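Listed below are the structures to be examined.
In the two complexes below, chain A is the common chain; its partner is chain B in one and chain C in the other.
And then the complex of A and B:
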């Protein structure tokens, strides 16, 4: 279902979505992030790359699983499920839509993570295709994506200047368009042509490229013990930026957060975790198989360009460039992978 | 102005002579406009060196890694490590010397003066170059920065895009060095505590709501800690890694392991983390501002440290990192020290 929405009607459309919690990119203290929209009437759709990706909306940094309590009748366990209230996220970049399809793989399949799916199924992702790369480090084309990829999205908007060209891609997306009622009109043939033109042009505007990486998974398999990782990780400071801000990183930790010890009361919670932290792989024996920054950088690259490829036959990187732009010391995943590609050649 | 060729010549000289193990400096990969830390091992490597207003990093942080690496070397290489240090960075070296983290002979300091400018603030620059792709930033004449973009070259007054820490800087010239480059005229700052004073003028409630709001943004990536040269604890309070478990360790003992704070990025835990860090930096922070620059969500972390810097200054007349021969503030007592808080 393809429709046209006048840009000036965007906020009116949001006003009609009262049954949803709405998230959209907002700038606060000079940083763009997805934030809850409280005044839809004042809203306009921002064409930006946020610092923190949209993944936190379906995979929150803290997710309580259950509450435990010691009572006179023994221990009481009460499951805490997300409410699953309908959420819509506006301005999602196509690389983030693709990223969600990867976390879908991880949290789906044989062992379905119902905490994840409760949120995921209630979330409608409204993408905004990239007429120009929203970050100088965008490289989606190199990892199988595109500036107007539809994967993972429910609705894709393309900016035509005064209007948005809206392509509903799923039932959830269609529902959102229907909520907008008469604000949406039928597109003319010239609109589709304009979309095609913008999409063709946008591909040429991407400056960064990670080419010829077909052999990288095999290369990585042979480089596990290479001193390459010591050299590449020299400037790493061991923070969690590259992974926490990655739309595809999904590793987590679980902990019992005790509120009171007598009587015992607390929650078991899941929180984001990262291979860059020292306790990530810490065994209770005291052994740590990823004890230094070289092995942790290797873990990050291997996960994205070898392990994930072996399990799912796709790269676990959608080329958003956040880990490059926001790394405090400029570690550049494109350059690291290119060096792997050319290693020993 | 610091002549990059002079820096390269000196770096080449010490590397050629085998006087240093390696040199930590600033370089740049071809695809980016920002400088990166580089590690120079041979005389040929010196061509990688750059010096421009994007050399923000406090490279002293890598001396902490070096100490750990050296501890594992058999036999240890006794040579010093060379390091390119700005004024603020040199103060970090002084603090580490005061704290006996390493010895003076362990480090060869290539001091670079920031002269009358300093390092840019990336977010301020983005406000000036909106929509344009920055390709290079260079020091220009008359306290201006020359910014090359995909849509032409701009000249921007340094004062408009300088990092706040540079505007408040009290050490534009390195305080310790083995080889010093650039103009040695010291700059004076009328009041380095302007932002703190403004905060102090607010009511307690307003301050609390400001910080609660700011710290709520924290995603606990620990970039502030990781970028800090003073955060060298063997085991940080946020990662419990040194709890040794044997076959005999009971479940109870494991369960009772001290956990100072939860991983959950919620208000109480975020506040706890940031206050622990701030307190640990009291009388030690040299205001390189790396914590604030590294923060991906732009929490004004410098202000917490600056407040404690102000306390140290007002109570003890102490400025961290100026004199390696003086004891560290926290480890000394002088007769004149205020003690009116003892009751």
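And then the complex of A and C:
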């Protein structure tokens, strides 16, 4: 279902979505992030790359799983499932839509993660196709994506200057258009042409490329014990930014937060975690299978470009460039993977 | 949606047995679910135990699926949760979820002679298997256990090992000579070489500290065991137990879900990162 929405009607559309919690990119202290917005202050959709990806809306950084309590009747465990209120996220980059399809794989399968799916099923992702790359480090084309990829999105908007071209991609996306249906009009043939023109042009504006990576998974298999990883990880300060802000990274910790100890009352809580921290893999004996920065950088690259490919037949990277732009010491995943590709050549 | 995979079920500690004292104490816990529910599992699988307020720890199940009345875990006191477990008493409540992991491919081993080679607390994951094969004795060939510990005081299941000697071949060892010890002195791998088990129609399963596993595998190779005849169990730090939290992987494998049991033929193909 393709429709046209005048930009001046964008905020009126949001007013119609009163039954949803609405998230959109907002700037605070010079940093863009998805924040909950109220309809009246949303004037337009911002064409930006947020620092924290939209993954946090379906997979929050901190999530209580259950409460445990010692009572006179024994130990009581009370599940704390999210309510699953309807959520719309506006301005999702196509690379983030693709990333959600990867976390769907991880949190689905034999052991379905109820916390993730309760939120995920209630979330409608409204993508904004990239007229120009929102980051100088965008490289979506190199990892199978594009500035106007539809994967994982429910609705894709393309900015045509005075209007948005809206493509509803799923039932959830159609529902969103129907909520404000009087505001939408049918597109003319010239509108589709304009979209095609913008999309063709936007592909050419992407400045970074990670080419010829088909052999990288095989290359990585042969480089496990290479001193290459020592050299590449030398500058790492193990802050974990590359993984926390990655839209595809899903690693987490589970820990008990105690509110009172007698009688015992507390919660088991999931929080984001990262393979870049030394204690991520450290056994209680002190043995650590990944004891140094080299083995931890290798794990990050291998997971994204070898292990995930072996399991799911796709890269665990959608080319958003956050780990490059936000790394405090300039470790650049494109350069690292290019060196892997060219290693021993 | 099915049941919530992260929710543990309350279980009562029925009985605690002190196996080993000293600075590296080991205790065996027998538990059963408060609601009386059954727990179906395979030999070699693990369960995630909760001490509420402390957290969770993945522990191999040391009872056998033939034991219907309890789930048994033999636990070395080493970290936050295992320390808390060691402070608990019979009647206390823990949480259990699982079972997790692949377990031993017992169906493929029928008709074969089986060598168990364990060191220290590494006898725990083998213990259920020993009892399962003994309980279905007619399905397997000769059974042999080679087990060693640092000293005689570090031997787990001490009393039960004496009983076991009446039912199968048991070779014990301690690392260094001590008075009153009249069995083998040396490491488990040396004891395996000394006893020269035949690889003919055999399966060997080894479990223990990483260095012991490596040396036992080498010993078995020296005795002409094929890679596919040698099995081991791997452990890594775990949180979720279901292949999502990302920390126990060896290459593409999550040990919690795809392991912990590997043949050496499989394990040698993975990155040696465990």
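Here, the second predicted complex is superposed on the first by the 341 of 345 C-alpha atoms of A that agree within 3 Å, B and C clash if a C-alpha of one lies under 4 Å from a C-alpha of the other, contacts with A are read in each partner's own complex, and residues count from 1 in each chain.
Here is the rule we go by: contacts are C-beta pairs under 8 Å (C-beta built on N, C-alpha and C of every residue); 3 or more make two chains touch, one makes a residue touch a chain.
Everything numeric in this text was worked out from a predicted model, so none of it was measured.
Upon superposition of the two complexes on chain A, a steric clash is found between chain B and chain C.
Of the two partner chains placed around the shared chain by superposition, chain C is the only one that A:264 touches, whereas chain B remains out of contact.
Touch criterion not met for A:48: it reaches neither chain B nor chain C. Of the two partner chains placed around the shared chain by superposition, chain B is the only one that A:30 touches, whereas chain C remains out of contact.
In the superposition on chain A, A:285 makes contact with both chain B and chain C.
Of the two partner chains, chain C is the only one touched by A:113; chain B is not. Residue contacts after overlaying the shared chain place A:330 against chain B, while chain C stays out of touching range. Contacts of A:253 after superposition: both chain B and chain C are touched.
Legend: residue contacts after superposition of the two complexes on their common chain; A:237 is shown touching chain B, with no touch to chain C. Using the contact criterion defined above for the overlaid structures, shared-chain residue A:194 touches neither chain B nor chain C, since it reaches no partner. Remark: of the candidate stretches 96-104, 168-176, 240-248 or 330-338 in chain B, the one overlapping chain C after superposition on chain A is 240-248. Residues common to the contacts of chain A with chain B and with chain C across the two structures: 253, 255, 273, 282, 284-285. Only residues 65-66, 68, 70, 74-75, 77, 79, 81, 106-107, 109-115, 117, 224, 250-256, 258, 261, 264, 266, 268, 270, 273, 275, 280-285, 287, 289-290, 295, 299, 302-303, 306-307, 310-311 of chain A touch chain C when the two sit together in their complex. For chain B in complex with chain A, the touching residues are 29, 31-32, 34-39, 57, 61-62, 65, 123, 126-127, 133, 214, 217, 219-223, 225-227, 239-241, 243-245, 249, 254, 259, 262-266, 290, 293-294, 296-300. Contact residues on chain A toward chain B in their complex (touch as defined above): 28-31, 33, 51-52, 61-62, 136, 207-208, 234-235, 237-241, 244-245, 253, 255, 257, 269, 271-274, 277-279, 282, 284-286, 288, 293, 324, 326, 328-332, 334-335.
Within the complex formed with chain A, the residues of chain C that make contact are 1-2, 4-8, 10, 34, 50, 52-56, 78-80, 82, 93, 95, 210, 235-237, 239-240, 242-252, 257, 271, 273-274.
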